[in-house]
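Pasting the structures here.
Next, two complexes with chain A in common: one pairs it with chain B, the other with chain C.
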Partner chain A sequence: MLEQILQGATSFVQPVSLLFVGVGVLVGTAVGLVPGLNGLTTLALMIPFVYGADPAIGLSFLLAIHAVVNTASAVPAILIGIPGEPASAATVIDGHKLAQQGRGGEAIGAALAASGIGGVFGALVLLALLPVLAPIVLYFKSPDTLMIALFGISLIGVLAKGSMAKGLLAGALGMLLATVGYQDTSGVPRFWFEMDFLLDGFALVPVTLGLFAVPEILSMGATGRTIADEKAPPVNARQVFFGAAQAFKHWVAVLRSSLIGVCTGVVPGLGGATAPWLAYMSAAETSREKHKFGQGSVEGVIAPEASNNSKEGGSLIPTLAFGIPGSSSMALLIGAFYLFGLTPGPEFLEKNMPTAVHMTITVAVANIGAAVLTILVGAQLSAVTRVPGRILAPILMLTLLLGTYATSNEPMDLVVLMVFGIMGLAMKELNYSRPCFLIGFVLAPMIETYLHISLRAHGWSFLLRPVSLLVFLALAVIMARNVSQRRKVAFQ
Partner chain B sequence: MGVSRREFLLSAAAGLAATTVPAFSETAAEFYQGKTVTILVGSPPGGGYDTYARMIAPVLAQKMGAQVIIENRPGGGGLLALNVLNTSRPDGLTLMHASAEGAIMSQLTGREGARWDVSKLNWLARTASEAKIWYLPPNSPIKTIADAQAAESIRWSATGPADNISDVAAVISHALGLKSEVITGYKGSQDMSLAVINGEVDSGVGSGSSILSLIKSGDVRPLAIISKERWSALPDLPTIYESAELNDEQRWWLETRERIGEPQRAMVTGPDVPEDRVAFLREKMQETLTDTALVEEGKKTNREISFVPGEELQSTVSDLMTSIEGDRLAEFRKILLETYF
Partner chain C sequence: MKFALLFPVIIAAGVLALLASGYFAYGYDWEVFGFPLGLGVVCVALAAFSLRAEFTAARAESSPGAKKDLMDESEGLLENPQTWVQLGWFILLAAGSYLLGFILGPALLIAAYFQVDGRGTLVSLAAGALSAAAVWVIFVKIFQTPLPLQPIFMR
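== the complex of A and B ==
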């Protein structure tokens, strides 16, 4: 094994390989920075470019882009309240509050450092587990996915503390709208009104961007004001570095969130959008400064960002072990494997361990590279919060429309974007939690499907599986504790 | 004004004629010269249908003297794109790299939203096809088909009804008289095989290439290939016809399902496209898909081409649709969609 690690490391440090990873980091960072541009689309566009390259180098290039898109996408989430990727939606809650308070630089620093550490953590876990990937993947079964999704749903209660009724309503609305389209287990389309584009339901990208980005852009354009308070001191590099130091200060939160990210990545079917919310919840539950969550807490930025990047290491585990895509990006990466004449799975690991090691090192190095790169320019980037809204709003709206359309060439996605934009605006004005909506929207179909599979494959005894039992008990404890000490701290 | 009613009608008729009849003596080859042909793909970039289409497009463009572009229109598991093709302008400029198997199954099972008629679509060429394999966990007590027939219950993993997996499981179960239950909801072929490996279900069906590496690594054990012929990659694996005693009725079910699967990945254009253009497209598809360099490239990149000419595909499809009608169709739907779910 040691020999194979050395081989992988040697192939990684070749100049060509380093060049490709470097370019990958730049591309991924650029895509993450511009709201609306989508990591998935970029990856699909880049696949033809690596065609004919050495598999390890080509795959690492794609992986480098993918691994760091979520690093940079924290920046627009924090500075302008627009998640660059659906996975950064959780970062908006506290990150954007901090930016409005003029602490955007600090938030960026903390987010980027946490992303970097999380990404490296994920890669290290993957490296350590490479020889024993298969048994780990085989351990998780459908009931475990179900229980973790249920655990995620309970987050609605945490995020809705301001007004429990409004939060629950928002969550329920999310669940309701998630029922549009094919029901996974029966294949029966629901609420599709004979419109083909509704068969797959509302796509996550236009929904997330509609809810979070459109209201911000509209109010920015309507008021014409800058994002940061004009009296706030200008952001300088020192603020960004101070923020980065915060991530190291809260190392427990960073490591816990990273671990949550890795686990979410390993469990098949959970998808990338779940991890940051689970991490946010665990941070909000265990923090010593709970009252700050939702009002501009640095920990509220660190937790989702760390898990966001660490989950990539985790989701490579089922990908490499059995060729099971943990997310849509991983599905694309598996497609690239086939183009190189490789089939991810046990045979690949046996014969191409150095390639796997090479890819793992790429994840770690790309994460560090992207974090350092973005931290260095973080102070300059935050100048965007001082651009008058009447100039910034039209530019952002344009990238948003182009990016949304490019995601799947579906003109109706623009209608979805606008409808959810109007809904997001109403929810924002009336204080209905948009994160609650999003959690219900993402997790409800998962719960429906995995409850079906669990009951049919295991019967009710699935509740007695160790992981399920553990998650169930944790859920019960948290709920009981929350009911007993309901606080009146307003979130959002 | 100076235009009489008669003159107006004449010129209107001439105008109409000009739009419906191609310009004088314009051959299909001249029509396509310099035009842009769009190949629709019903899944996002990077999937199997997409990567095949992207490999074929440049060679096809060169042979046709036209631009060939790929447009991804994901939605409804390919249903959206096929509906788009079905209602596209019948000028032969819009094609699709489609799952013929899926198109036929959707129509046979009366899937909601499927608005095409496979017999009216113009099939241009088969690009690829592979048989399906019935597989089990390595430690399964089922060693032979007789064991399976004696088993108390067999659970299968699938994504949904008529997904070209669950219906194969249903047909096997009906033909062999198995006590089966098909569990739907899994996300894709790898997810389904994982459920077999980790013992969540007892049995699975998958395309040869999707589980070959799992067979080689010993994570799953193949029981039979659902095909008349053995597969060169696994020459020792018997076909289902070899390993079970079958009467005519049982054989009908297995053979019919196998025939539906045979056209698999195919190039197709919409209904009502002028015949000469269809003929031209078929000819160019043949030249492209038998191009030695392209076939070689396919072998190297896991995109093996198995070409069947358009005319042959067309008659396979219409024969198939006429062989399952009336009471047979009702029974077919019941077995494939209800009995084992």
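== the complex of A and C ==
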């Protein structure tokens, strides 16, 4: 095994390999910085470029792009409140609040350092588990995935600050709107009103951008003010490095969130957008400064970002071990495997362990590279928070439209963007939690599908499986704690 | 305040219409309809609860010494006519970009936005031209995104 790891490492440090990884990091960072430009689409567009290359180098190039998109997408989420990727939506909550307080540089530094550490953590876990992957992934059955998804839904209780009824309503509405389109278990299309584009349901990208980005842009255009408080000191490199140091100061939160990311990434189908919310909830529950969450907490930025990047290592586990994509991007990567004449699965690991090690090292190095690169230019990027709203608004409107259209080439997605934009504006102004809506929207299809499968396969006895039981107990404890805290606050 | 009362009503009405279409128009069986029905009922109940809470809050607000909710993140955007003007621009930009193509549409509309906002003609024209150039270089040339570049009647 050690020999194969060394072979993989030697293959990684070849100049051509390093060049491809470097280019991958640059492309991934650029894509992540433009809101709406999708990592998945970029991966698809880049696959033809690696045709004919050495498999380890070609796959690493694609993996480098994919691994760092999430790192850079934290920047627009923090500075302009627009999540570059749906998975960065959790970063908006506290990151954008910090930017508005003139602490954008600190938030960027913390997010990027946490992303880098999370990415390396995910890669290390993957490297450690490569020899014993099979039994771990096979242990997770539908009931366990269902319970983890239900655990994610319990987030609504934590995130619904202010009125609990409004938070729950937002979450339930998100879940209900996610039922539009084909039902996974029966294949019956629901509520599609004879419109073909609704058969696949509302796409996640226009929904996320509509809810979070449109209200911010309209606010900028309407008030004409800058994002950052005009009285706040300008962002400098020192602030960014101070933020990066914060990630090391909160190392427990970073490691815990990274672990959550890896575990979430391992479960196929749980979805990349779930991990950051689970990590955010965990941080909000365990932090000593709970009151700062939602008002501009550095921990609220660190947690989702660390898990966001570590989940990539996790999602590579089922991809490499069984050829089961841990996420939609991994499904594309499997396509690239076939392009090189490789079939991911137990046989791949047996015969191509050095390639697997090469890919794992790429995840770690690409994450560090992207974090360092973006930290170095973080202070310059923060200048965007000083641009008057009336100049920034039309440019961001155009970027949003282009990003939404480019994701699927579906003109109706622009209409979805508008509708959810108006809804996001109303929700923001009337204090209906948008994160709760998004969590419900992301997790509802999973809950429905795995509930059907679990009931058919196990009956209600699925609740007695060890993982299910454990998650169920954790869920009960969190809910009881949340209710008692709310009562305490109400009493005070 | 009227928006605060209107929003839960719109949600409840929309949800009821959705459920009615599922039950009466599509006639889904329970395996397909059960999950959305359960969620829909929860939504309507919570919307009713929120509406009641808004009424209570409206009464409390009108009483002397009322305090502002600390979790309130509203900026008064719904009452600000400028918000709706910006939304109009956004819709115009979306429609214009799709109908005129993603080069000509943004160039014209971004220039118009800056012009209406009171910036000079030269600045507005430069902004429009720069937008079109940025779309061309970043999205078309670098990322090779298949955007509709020509006006709709030429496609």
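Just so we're on the same page, the second predicted complex is superposed on the first by the 486 of 492 C-alpha atoms of A that agree within 3 Å, B and C clash if a C-alpha of one lies under 4 Å from a C-alpha of the other, contacts with A are read in each partner's own complex, and residues count from 1 in each chain.
The rule is simple: a contact is a pair of C-beta atoms (placed from the backbone, for glycine too) under 8 Å apart; a residue touches a chain by one contact, two chains touch by 3 or more.
Quick caveat, the model's predicted, so the values are computed rather than measured.
Three-chain overlay on chain A, with chain B and chain C fitting side by side and no clash.
In the superposition on chain A, contact of A:D200 is made with chain B only, not with chain C. In the superposition on chain A, A:P394 contacts chain C only, with no contact to chain B. In the overlay built on the shared chain, the residue A:V188 is in contact with chain B and with chain C. By the document's definition of touching, neither partner reaches A:F49: not chain B, not chain C.
Legend: residue contacts after superposition of the two complexes on their common chain; A:Y450 is shown touching chain B, with no touch to chain C. Within the superposed three-chain model, A:A336 lies in touch with chain B and out of touch with chain C [touch as defined at top]. Shared-chain residue A:N409: touches chain B and chain C both. In the superposition on chain A, A:F242 makes contact with neither chain B nor chain C. With both structures placed on the common chain, the touch criterion links A:Y432 to chain C but leaves chain B unconnected.
Once both structures are fitted on chain A, no C-alpha atom of chain B lies closer than 9 Å to one of chain C. Comparing which residues of chain A touch chain B with which touch chain C, the overlap comprises 41, 45, 185-186, 188, 409, 452. The touching residues of chain B, counted against chain A in their complex, run 44-48, 50-51, 54, 71-77, 79-80, 83-84, 111-113, 155, 159-163, 181, 183-188, 190-191, 193-195, 197-198, 200-201, 212-214, 216-217, 219, 300-303. Those residues of chain C whose C-beta lies close enough to touch chain A in the complex are 3-4, 7-8, 11, 15, 18, 21-22, 26, 28, 31-33, 35-36, 39-40, 42-43, 46-47, 49-50, 53, 69, 71-78, 80, 82-83, 85-87, 89-91, 93-94, 97-98, 102, 106, 109-110, 113-114, 117, 127, 131, 135, 138-139, 142-147. Considering their complex, residues 40-41, 43-45, 47-48, 134, 137-139, 141-142, 182, 184-189, 192, 194, 196-197, 199-200, 268-269, 318, 322-325, 328, 331-332, 335-336, 338-341, 343, 345-348, 350, 408-410, 449-450, 452-453, 456-458 of chain A touch chain B. Chain A contributes residues 30-31, 34, 37, 41-42, 45, 161-163, 165-166, 168-169, 172-173, 175-176, 179, 183, 185-186, 188, 190-191, 193, 214-215, 217-219, 221-223, 294, 390, 393-395, 397-398, 401-402, 405-406, 409, 411, 414, 417-418, 421-422, 425-426, 428-432, 444, 448, 452 to its touches with chain C in the complex.
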